Structures are given as structure tokens and as C-alpha cells.
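What follows is a group of structures, each given as C-alpha cells.
You will see subunit A twice below: alongside subunit B first, and alongside subunit C after that.
Let's look at the complex of A and B:
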């Protein structure tokens, strides 16, 4: 018994030893800073004042009463839903097309994946030029069709849509590749069996391919949600959160509060809200995912 | 072997000669200075926030200082834009918190209260009083409105500007308008006369700059106030404070004015004037170099003072030089030497002519070569005349936050054509919440 316990202890110690470097790094760079952010969220402080004022949950109540925060939250949700609704089906469609083994597949694959390799800031700059109401390519093309293009980044109705379109362009190749990898892993035997059972292509796709692809879909859904909630670079470059907050996302709001207005407490509180929101969404997706994700 | 050494020696001498020839302004340290410098020079770190050509200009000035001050070595580092809340300030915030702040920094004029109120800047009043060239009375009238907090000087004018009206003289002549508008009422009349054409070739009479900086001028000029005297309440939504932006919006709605939207709005405003798409615009005198270069000989242009309404008032713009609190005594002394050198007449003139920022010392006005320069570049005479109308922005440590709300509201008014009164009232409500801490 004693020997068995010792052995267990030894194994447990070995296990801890193996994860120790990772755990130490996580503690230093994630857990401690996150704990510090929780502490900061209870203060009214600009980081440099000698005295920080403890306000309890005051920053949180300020947040939920704040019109700008509500707008940032709503913009983030719109971007999130927009990205999921457009990126995932479109990525899947492209992946299915590329999986058919048509001519030029490799070229298409490279071209579609290209934007993902570009830094978001560079893409943002290019799209700012494309959207320019005076000389931008998009309005020029619309002009050929006698359509007067809008001021894409300068109007409240179009600015968020413009950011969404650019984001879809940037990430489409990434989701396409995830789905393509998933499709190429779908067992040919299953497809053959379905064909022998008399299933047509559509039935095979819906009842064999798609369930087999569910782990990829699930992964893409979670990543897409997180990515949407972290939207910052393109907003920083293309709109600066404007006009009048029309494209301010949660992360941009945090940046604005923290580093433009020096409200470190409010920015930290908003960061905590973002963390809780993402954790909740991911938990919800995992729970729901259990119902439809088919793990092999 | 000897020949090879000689060749090496000659090459070194040639390279050094070439280097000196490139920058004729570089002065060799005197023998006495060389002797003094047998000790290691005092190292001074200097953070600035001017990129591109302006950044090169800063570096060339610093190189001149280092070459003529063997006992001091200033290391100037670009830290991203110095604008209020810009990357340089963000890094400054982090560096102060980490206890690793630079000795000297360029500070946007509206940001002083945040850092001064926190006790992070070295008071300069006693140094200025004892200075041979940087006494408060040595600076051009109005220059020091942004450099003090609660009666104590914390900064010295560094790269300073004011907003002015740029106008296309050729278009004014065509429209038979003899002089640029001196008042907002006149802007309204002239903008209509100057607007012509349609579609892509339409030329607009006026182009406001959608930015809080000229907005400050519009609040004061209309007879309004930005914050209450005790700095606890926003007062910029009153009819007087919104009078001028209402006029600008009217021009916009009637099709006599145009605004630039998006994050590049400032650059695009300047570019629209350069390309003759607008007859008048509000811009910084600091951009006059870019305008001169961009316009070339395409048309005649000039500057006029920011139009007056009930009164004439403009905000200071640009940056001041500050010394960070906690800088060791030797570095403080060296940093102060550097700042005084920068503001002295020869340097402030050189800096102004090189960049478009205004010179800061009164003494420059008596220097014949600068008088000749002003004669050849009358746009700077406008800016210099305007300096005395500079008003201090409200010295609240919360002011940068207030300006963020204002900037959003201005985008609402100009980009989205929202009603002026309700939009500004909404911004004032947000500002009040910030000021009261609720």
C-alpha cells in the first residue's frame, strides 16, 4: 500500500514537473496580469497619480450605464454575428468547391489564402484607399454602373459594414483552409458506403460529410467568435472607431478608455466584461457543441 | 603596408571631410570644450513624437547640439505620435509607471495637466527665472499659456503652432473677393461666392477641419466656454459655444462646404486645399510647409487669422519640452541646457524655417534675416500675429477624456450631419460624468 502510494505520488510529482515550465509562464504572463486587471478594475486611476481612488464596482456600473460602452458592445455583437453568418458558410462553400479536384485548385487555394498572410494593418490601409469616396476603386466601379457610392468609412450606416467586408476578405482563406483540411479527412469508406446505399451527392454531403466535418465547424465557430470579439487593428487603421463611435468595438473601447482617456479602471472593467463574455460564449458553444459535434 | 595604412588614413580623412561638408552647420567643438569633455559626457534621453521628415529634422537638431556640447550627449528616440493620448504618451505613461522614464520628453500642449497634476514633471519656474534666454518674458506673447499648471511652469515651448485659415488667392481673385474673411459672418458670405462647379469637379468654398483643436477656437470665438471655472462641468453646449460650428454645419448642409471623414481626415483636409478642391480651409500653420510644397506654382495662396466672431481666440497647438520628475541632478542640468539651446533664437529660427512650426522667442522679431524671411513667407507673419490670441485650454487632468467625447460629437455634427445642439449636449453629459467621476 505504502509502495503504491509512493508510486502515485512520484507519478504526480513527475506530472507537475512536466507542466511546471508552462505553468510558470502562464502564471507570470496570464494569471498574475489578469488578477492585476481585476484589481485595477476596482480603482479610479490613470496609472501615474500617486493616489488611486478605490471605487468598488463603480467602474462596472459606469460601464453598463455608458452609452459608448453599449454601442461598442452592440457593434461587437453585430460584427461577431456577421462574421459567423458570412465567413463560415462561405468558407465551407469554397472548401467544398476546392475539394472537388477541379482544374486550378492549387492556384485558387493560394489566392484565397493570400489575404490571411497579410498583416491586418496593411490590409486596413489598402482598404481605406479602396473605400475612399473621392478616388477609391470601389466607388469608381460603382460609378461605372451609374451608382453613387456612399462615404463608406464616414457614414454611420456603412462604416461597420465596410469593416465587416474587409474582415471577411481577410479571414475567408483561413476558414476555407480549416474546412478543406476537415473535408480531406472525411473517410472515403463512409462516402462509398453511402453511395452503395443509394445516397445521392446532396444526401451524402448533409448526412455523411457534414457530420464528419463537425469538429472543424465547431473549432471554426469558436475561433471566429473570439476573433470577432478581438477586432481592433482594422478599426484602429480604417476608422479610429468613428464616425461618432459607429465602429467602436469592445477592444477598441478598452484602448480608447485606457490609453486615450487614461481611465485605466474603466478600461480594466471593460476587459473583465470581455473576458466573462468570451468565456460564457465559449462555454455555451461547448455545451451546445456536444449535441452536434461528432467526434470520431 | 605603410601605403595601405596611408590609404586607410586618407580614406578616413576624406570620409570625415565629406560628412562635414554634407552638414555645413555642424560646428567642431573648440579646444577648450574638448579639454572639458575629457570626462564622459552626461547622457540625456529625449523622447519625441514627430515622424517622417519632421523626425529627421529633430534628429538633425539634436546632432547639432551634441556636436557643439561635448559634455552632454542627447539621445533622441522617436516614440510614435506625440498627440494627446498618442503612442508617445502611452509609452510615457508605462515608462513612468515602470520607473524608467526618459529625462526629457516632447509633450502635447493639452496633456500637461495630466502629468503635472500627478507630480510627474519637474517644475521649471525657478530654472526659467534664472535663465539668460528662457525667462517667461523672453517668449512671444501667448506662448506660455500651455506650459503652466496651477501657476507653476512645467514646460517650455518646443514645436508650436496655431490654427489658421488657408485661402486660395487665385480663386478669391476670380470671385472678386479682395481679402480673406476676418469674421465668421464673412466666411459664410465668401464660401457661397467661392463655391462653383458640380460633381467630381465641384470646388467648395470652405472646408472645416473636423477636429477638437479648431473646435476650441470656435467655442471661445463665439463667446462660449469649454468647462466651468472650477473645471467640474462642461459648458460647451451653450448657444454661444455652438454658434460657429452651427454656421459651419449650415454651409455644409447648403453645399458650400465639404469635410473629410475617416481617420486620415486631417491629411485629406490639407490635400483637398492643395489640389484646389476647396477655396478655404482651417489647418495648422505647421502644415504650411506641406501646402507650399504641394501647391508649388499651381496657384497663389495665403493664410489669415482664424476668423473672429464675438472675439478672437485660438488654442495653442503642438508640443512643449518637459523634464520628467525623478531625473538625476546632472541630467536635469544637461536637459535644461538642451532645452535652452533649442529655444534660443538661432535654433528656434532654424527649426521654424525647416519645419513650419512658429519660432518661440521674442528676440527673433528683431533679427534682420528673420524679418526678411517673414517678408518672403507672409503666412508665418499671420501665425505670429495670432499668437497673442492664444487661450489656455481648461487645465483639468480629465481634459483629454473630455476631448474624446467632443471629437465623437464633432464627427456626429460634420460627418453625420446630426443636430448641433442635441449632439453637443449629449457630449457635455458624457463629459460631466467624466469630470464628476460617476
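Let's look at the complex of A and C:
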């Protein structure tokens, strides 16, 4: 009995002590800030003048009525949808090709995954050069085909598309890898069984491989959305949110309101929108993801 | 049938080659521009291959800003983040896997909750908190917000779970302390997971712009992404030294490119395991 109690005490003390540093750090830099940002979002507070004023939900109503916030939200959604529509099918196609056991697969994989590890700032600078309307590579190549390319980053019609293209370049390899991992998990037995039943490659892909890939597809869908909602670095470098707010994303809006104009209340309310949206997405991923993985 | 297969293979190669070339082009262009004179960059006739080589662009770029200091700042703060985060994550992951302590399920749920909070949404309060303790514009300010990581705890927990519990139990019977078991049994057996976490973490933080951009404004604690971003905004206009900028871009990406070359399989593993984590 005494020994048992002692073991219990030992486990309790050791366990709590071991999780303490990590938990303390998360409390200080995740949970307390998350609570604090709720509070800040209820204040009208510009850092330039000292007095903060409690305005309840005033910042939120101001936010949702504000043209620039609506634009930031819709820009972010367009980026998200664009990334999903391009990255998921293209990533899947590349993964299927890499899963064929071709010669040189490793080289292709390495090349295509490469951009993922580069700093978005560094890629943003190169793409700014590529997009230059005067001497950028893209418009010069378009010029060979006698197409006069647009001022990619300088025109509000093309800037968001330009950001999207650059982002697709950066992340393509990541989605390819996720699908490649998923494909390699689809059991060979399943595919053989389909082949024995007389299914051709196309039928096997649509009716066996793709359904078995649904957890990867779902994961990619959520991560892609989350990634789009976090877009900041490339926008900061390439366009500064412009021209005229055409590339301002939700996170860029938070940066602009909070750290350029020092409107802590408004920026905090926008942060809450980001927090709630991404928390929901992550929660979805954990809940549904687990169910699907188990089912499979 | 065989001919059809052959055709499919050729088509697959064709697609993969086209995409690979497309992916490589910006990196190639970075390198070409970095060694070109400005006249070649502005030239109206396009040269896909460099005709003159200005290797001294790298020296000029390096001297244009205190890049030695920025490199030190980036490496120092990010290695500190990686190191401290490995410690906090190892300890917590060990407890969750090997110590049946009361409340572990509740605590694990709390860690799970931390994963749901996006960093960018909390940068305003963190900034206000750290300015209270005068951490803005310091190394501490760049490091402390990231010393604990829910993702790190998750990843290592997964790695630790593959270690047989019997081995741990046997060591306990021999009277080994928890620290001793962690150090001499668990860590050596979980090297791949540790390396994966360290590399992923280093790459993420080395690359990240947002927090250093707001938490620092003096040159003595500036890190590389911030320095690069200022290249564009400070110079501005038509005097932009594109070749020097690309040269700076090139030497900035060296550390992550090295990590990518030598640690690719660990990074790939980390991405694959976060994808099936669920």
C-alpha cells in the first residue's frame, strides 16, 4: 500500500514536473495572449495616445462594415480558393506520376519540393524581379509570343493573381509530398484486387485509389486553407498589400492596423476573426481526420 | 499494351520535366541575376545565359549591409529556439508517453488546444507583453515566444511511442531515474524524430518574417528575412541594385539549402507524419 502510494506520488510529481516547462511556455505565449487579444478587441486604443476606451463589440461592427476589411477577407478567400483549385489537382497529378516508379523520380521530387524550404522573403524578391514589367523574365518571354504582359504587381487586376502564382510555386512540392505519402499508403493488395476484377488503370484510380486517398485530400484541403489565411511574407515583400489594397490579406490587414497605424483594438478584433476561423479549421481537421483515418 | 505503357511513361516524363523546369526557373534566374551587371538586367534583349560574370557582386552585396552580423543574429536566435524547444518538448513528450501521471489526458487536451491558436493572431498581445518587460529589440524578444511548441510535443510523442514500454519498465526496476531513462534510453532511440523536429523548426524560424519584423527595428538584432525585406523598401525606385539583391538572396538561402540537401529525408518524414497525425 505504501509502495503503491509512493509510486503514485512519484508519477504525479515527475509527470507534472516534466510537462511544466512546455506547458508554462504555451500558457505564457499562447493561452494568455489568446485571452488578452479577446480583451484588447473590446477596446478602442491607439498606442499613440495613451488612453484606452472600452467599446464592447464596437470594433467588430466597425470591422465588418469596413470596406478595407471586407476586401482583405475576400482577397484571402480568393487566394485560398485559387490555391486549392490549383495546388490540390496539380499536386495529386505529380504525386501519381512520381508513384509510377519512373527513372529519375528522386530528382524530380527533390527539385519540386525545393522551393518549400526557401524563405518566402527570398522567393518574393526573385518573383518581384521576374514580374518586373520593364525587364522581368516573364514579360520578356511573353514578348517572344508577341503578348505584351501586364504590370503584374502594379495593377490591381493582376497583383493578386501574381501573388497566387508565386505562392503556388512555393508550396506545390509540399502538396505533392502529402499525396505521395498517401498514395504509398494505399495498399497494393487493394489495387491488385481491382486489377483481378478487371478494372483498368483509370477505373482503379477513380474507384479504389482516390477514395483511399480521402484522408490525404481532406488534410491537404484544410492545410491549404490555413496556409492561405496566414499569407503575409510574400505580400509584404512583393506588393505591400497594394495596389490600393488589392493584395491585402487578413494577416497583412492585422499587421497594417496594428503595427503601422497602432489601432490595437481594430487589429485585435481582426486577429480574433483569424483565430476563430483557423481554430475551427484545425478542430475540423483533428475530428474528421481521425475518423477517416480510423475508417480506412 | 506494352506500347501504350511506354507512351504513358514518356508522357509522364514530359510533364515532370516541364514542371521541374518551371520550378527551377526562378532559382536559376536568381543565380544569373546575382552575377550579372545591372546593364545586363536592364538590357532589352534577353540573355538566358550570363555573358559576363561579376563574381564581385557577392562581395559588394555582403558589404552593402552588415550581413555578417545578420547571419550571426539569425543563426544564434534560431539555434536557441531549436535547442530550448527540443528540451521543453522532450520533457513533455516523455511524460505523456512513459509516465502515467494523474491529469495527463486533460493536460494533453490542453496542448491540443494550443495547436488551434494561430501565432499571427496573438502577436499583438505578445508584443504588448514583451514591451512591458523591455524585450522588444532584444535577442530574448526574438526567442522566448517560441520556446514551447505544441507541434513539437506532438511530433516527439509520436516518435517516443515506438519505443517499447518494456525497456523503460526494465530500467525502472533497475532503479534508473526518469531523467536517466530519458537521456540514455529514450533520446538515443528517438534520434530521427529529434532531428526532424530540429530541422523543421530551424527552417521555419530562419525563414519567418512577421515576428522579427515587428519585434525588432534596430540593426544590431536584425535577422536575415527582415534585412532582405528592407533591401526593397529602403532603396526603392529605379536605383534598385537587383543584382546585389539577388546575390544577398543567394547567400541567405545557403543554410536552408544545405539543410534541404543533407536532411531532406527527415523533413519529408516530418511532413508525412504531420499529414497522418490527424
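Note that in this section the second predicted complex is superposed on the first by the 250 of 296 C-alpha atoms of A that agree within 3 Å, B and C clash if a C-alpha of one lies under 4 Å from a C-alpha of the other, contacts with A are read in each partner's own complex, and residues count from 1 in each chain.
Quick note on the criterion: contacts are C-beta pairs under 8 Å (C-beta built on N, C-alpha and C of every residue); 3 or more make two chains touch, one makes a residue touch a chain.
Just so you know, these numbers come straight off a predicted model, no measurement behind them.
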* So, does A:259 touch the first partner subunit B, the second partner subunit C, both, or neither? -> both
* Asked: Given the touch rule stated above, what does A:279 touch, subunit B (first), subunit C (second), both, or neither?
  -> second
* Asked: Counting only touches as set out at the top, which of subunit B and subunit C does A:182 meet: first, second, both, neither?
  -> second
* Once the structures are superposed on A, label A:155 by its partner contacts, choosing first (subunit B), second (subunit C), both or neither. => first
* Name the contact category of A:42: first (subunit B only), second (subunit C only), both, or neither. => neither
* For A:242, is the partner it touches subunit B (first), subunit C (second), both, or none of the two (neither)? -> first
* After lining up the shared chain so the two structures overlap, which partner does A:98 touch, if you call subunit B first and subunit C second: first, second, both or neither? -> second
* Considering only touches as defined above, state whether A:128 meets subunit B (first), subunit C (second), both or neither. => both
* Does the superposition put A:228 against subunit B (first), subunit C (second), both, or neither? -> neither
* Quick one: name whichever of subunit B and subunit C touches more residues of subunit A. => C
* **Those residues of subunit A which subunit B touches in one complex and subunit C touches in the other** => 128, 134, 237, 240, 259
* **Complex interface listing, subunit A residues touching subunit B** => 44, 46-50, 53, 55, 58, 62, 66-68, 128, 131-134, 151, 153-156, 237-240, 242-245, 256, 259-263
* In the complex with subunit C, residue positions of subunit A that touch it -> 8, 11-12, 14-16, 18-26, 28-34, 36-37, 40, 93-94, 97-98, 100, 102, 104, 107-108, 110-115, 117-123, 125-130, 134-135, 137, 140-141, 169, 172-174, 177-178, 181-182, 185, 215-216, 219-220, 226, 229-230, 232-233, 236-237, 240, 251, 254-255, 258-259, 264, 267-268, 271-272, 274-275, 278-279, 282-283, 285-286, 289-290, 292-293
* To do: Please give the residue numbers of subunit C that touch subunit A in the complex, ascending.
  => 8-9, 12-13, 15-16, 19-20, 22-27, 29-30, 33, 41-44, 46, 87-89, 91-92, 94-96, 99-104, 107, 110-118, 120-129, 144-150, 152-153, 178, 203, 206-210, 213-214, 224-225, 228-229, 231-233, 242, 245-246, 249, 252-253, 256-257, 259-260, 264, 267-268, 271-272, 275-278
* Asked: Mind pulling up the subunit B residues that touch subunit A in the complex?
  -> 84-85, 90, 93-94, 96-97, 114-115, 117-120, 200, 261-264, 397, 400-401, 404, 407-409, 411-412, 415-416, 418, 426, 430, 433-434, 437-438
